[in-house]
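Common to both upcoming complexes is subunit A, partnered first by subunit B, then by subunit C.
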Partner chain A sequence: MSFEWPWQYNFPPFFTLQPNVDTRQKQLAAWCSLALAYCRHHKLYTLDVMESQESPVFNNKKIERKLSTEAIQVVFEELRKKGNLDWLDKNKSRCLVMWRRPEEWGKLIYQWVSKVGMINSVFTLYELSNGDDTEGEEFHGLEEWILLRSFKGVKFF
Partner chain B sequence: MHRRGVGAGAIAKKKLAEVCYIMSKQIETFKSHLEEFASKHKQEIRKNSQFRVQFQEMCATIGVDPLASGKGFWSEMLGVGDFYYELGVQIIEVCLALKHRNGGLITLDELHQRVLKGRGKYAQDVSQDDLVRAIKKLKAMGNGFGMIPVGGSYLVQSVPAELNMDHTVVLQLAEKKGYVTVSEIKEHLKWERERSCHVLDHLLKEGLAWLDSQAAGEPQYWLPALFSEISSRDVTPDEANQMTP
Partner chain C sequence: MDRFAWTNGLLEMNETLVIQQRGVKLYDGDDKAKLDVGVVLLTTHRLIWRDHKNHECCIALSLSQIIYFEEQAAGIGKSAKIVIHLYPVTANKEPGPYQQSKFPYIKLSFKEHGQIEFFRRLTEEMTQKRWETPVPQTISTATGSQTRAVGIVGIERKIEQKRKETEQNISEVRTRGNSSLVVSFKAKEMVELSRSIANKIKDKHGDITEDETIRFKSYLLSMGIANPVTRETHGSGTNYHMQLAKQLGDMLLAPLEERGGMMALTEVYCLVNRARGMELLSPEDLVNACKMFESMQLPLRLRVFDSGVMVVQLQSHSEEEMIASALDNVTDKGSLTSEEFAKLLGLSVLLSKERLLLAEKMGHLCRDDSVEGLRFYPNLF
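Showing the complex of A and B:
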């Protein structure tokens, strides 16, 4: 299924950080949704700021508009405030994108575990993310670092 | 005492009274014919927009406004008042739902499309004339509604943003391409740069325009209300969550 772009994506001013405060709020909210949706669709978990500038999300070649590095940073900061992003380095050049927050993953996994009646069993992380049993579950294929984070606050043992 | 011209004055008065009496009788007759017509064609009026236009025009010639008030013969007998009242409510709903996108400005075309969509396949036929009348009613009730003529149709304004003649004229200029620049304003309207910028800043401030600083040459000011791609897109659940209360 191909990714469906929101109407803003083809609206040239969407790629200019808006001077009006209220409009900017709406713009950033839309950017956050778009970035997360795009990452979810392509199962992306990390983003590099430099590389992102060339990614189709932030660079719409068809209308010849792209978000500046500064604007991308602003969007990322918004995502961080919402709990959907974590910086991997002090220079803020790479980040982890959590289009689902760790707690949400934890809940999903726990629901699956109780569904299959496996509470109180032992799983390896590998079994959970790559095992045959979990194929078809949303968390199948989930990267290890996020699995680990999702266990925080969820009582598995 | 000298009462000069008494005879002439009294006769003139009497004549006038007679004429008025005859006229009022004629109006009474005409009105009752109209009532009869209305009751016979009540269904037609509700279902057929062409019919409604003609009926409205007929009423206008005798100085009757079927939408004048909620109560009263016309609206009760015909349900015409109900029809436009319900339409007004629908219009408000559509405008509210899209306000976060277009700042409270929408083309009559898009409004029409969405109202029809909202009424479903089997709903009564609603014309743009119907919308214009309903909006005029809303405006008269002080709901912050207004209509700006652009490019042969209208932009419907649903928030009481302060728009004066200068703003209106720039909106009309922007209608062709969906955006406008300072140069275009200076060229077509012969304004000074400062006046042009002032108007554009105001449109930005009211949330009616967005700035595009990556356009070749000079910044472009785009109006979401005129962006044609918008009209086909529904409000997604994501968007709905983003709407400021």
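Showing the complex of A and C:
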């Protein structure tokens, strides 16, 4: 299934950071959901700021518009505030993108565990993410670091 | 060394001793002076040297004779020195130890040290120039203050006095109203000229020579004063502005209608002055008059945009209408730049941009800023 771009993607003003505060809020919200949706679709967990400038997400070649670096930083900051993004380094050049927040993952995993009646049994992280049993589950293939984070809020033994 | 004059060593009125140093030998330029070692005294007015044995042998020179001075570091077998460069000797100089000298400088050789402090004090005195302070009168005489005018100091004092007197004629400092200080410069010549022109204008209403007008206007420009002629005939201050506001109210109605109800203040300025021909308005007067529109119940308003642009608009001009119509235009065309919008409405580019910016501020439009320029779209967000 190919990625479906939202209507804003082809609207030139979408690529200019709006000065009007209300308009900007709506714009940023749209950018956040677009970025997360894109990452989810392509199963991207990390983003590099320099690379993302050329990525089709922020660069629409068809209408010849792209987000400036400042604007990209603003979008990333917005994502970080929402809890969907974490910087990997101090210089803010690479980040982790959590298109589903760790807590949400935790909940999903817990739900599956209780569904298959496996509460109180021991799992390895590998089993959870790559085991045959979990194939078909959304968290199948989830990278280890996010698995770890997802356990923070959930009661596991 | 020929700058020195014999002195009795007594200090004059208001002259104070600053520092003295013994063990100083004088040099005429680079040659040792034919004087023994002595004490050098620095006062607020003079540099005095006195023979350490024979106190009658005392010479002095005025500090005002010093051009500049510098330190000369000590060497092997040589004491530290201060080299003092002096102005040429004056004609009325009193007799001294030397009739003439081929050197324009002297040296003080500090055989018993003390040069550092002496140098510092000399620098202070030369900076403060305390000898220049006019001496207060103790004896009242008909003509200004007269004290012993010694050489150059006296001449300098006289010059200073004269300068102060002439200044009085030129400037006056007046306090007006509640402690606001106004310094008005009355250049005699200029006042004369302005009076003659004012009369001519009153009589013949415009029959002044080109030359005079140009001279006059250039004086005004350089002084930044508004045209005093019209002020004299119509009064100054608010009364004048009120008259002006009325005049503008009549004059601007038609042009405003033509331009869609709004004109930039610069456009108004050009229009008005072109129409007036002779009695041109200054920008200040125009602004002040425009500020009175509302209070005078005239159908015009002065308005200032966020960017600082000032416009005159008809009172009937409704901003909401303008913005609504702007939105319609933009939606119609999909998107517009300020130039395109200006062309569409017959407005100036400046005003069209202001309108679009206002619509954006209200949330009706959003912007697309790219290398192609600034475009406005209807706000679909």
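Side notes on the structure shown:
In this text, the second predicted complex is superposed on the first by the 157 of 157 C-alpha atoms of A that agree within 3 Å, B and C clash if a C-alpha of one lies under 4 Å from a C-alpha of the other, contacts with A are read in each partner's own complex, and residues count from 1 in each chain.
To be clear about the criterion, contacts are C-beta pairs under 8 Å (C-beta built on N, C-alpha and C of every residue); 3 or more make two chains touch, one makes a residue touch a chain.
For clarity, every value in this text was computed on a predicted model and none was experimentally measured.
In the superposed model, A:Asn59 lies in contact with neither subunit B nor subunit C. Contacts of A:Thr46 after superposition: neither subunit B nor subunit C is touched.
In the superposed model, A:Pro6 lies in contact with subunit B only, and not with subunit C. In the superposition on chain A, contact is made by A:Pro19 with both subunit B and subunit C. Of the two partners subunit B and subunit C, it is B that touches the larger number of subunit A residues. Of the two partner chains placed by the overlay, subunit B and subunit C both lie in contact with A:Ala30.
Put simply, subunit A uses residues 7, 11-13, 15-16, 18-20, 22-23, 26-27, 30, 64-65 to touch subunit B in one complex and subunit C in the other. Subunit A contributes residues 7-8, 11-13, 15-16, 18-20, 22-23, 26-27, 30, 64-65 to its touches with subunit C in the complex. The part of subunit C that touches subunit A in the complex is made up of residues 335, 360-361, 363, 366-370, 375, 377, 379-381.
Of all residues in subunit A, those touching subunit B in their complex are 6-7, 10-16, 18-20, 22-23, 25-27, 29-30, 33, 37, 64-66. Residues 100-101, 179, 204-205, 207, 210-215, 220, 222, 224, 227, 229-230, 233, 236, 238-239, 242, 244 of subunit B touch subunit A in their complex.
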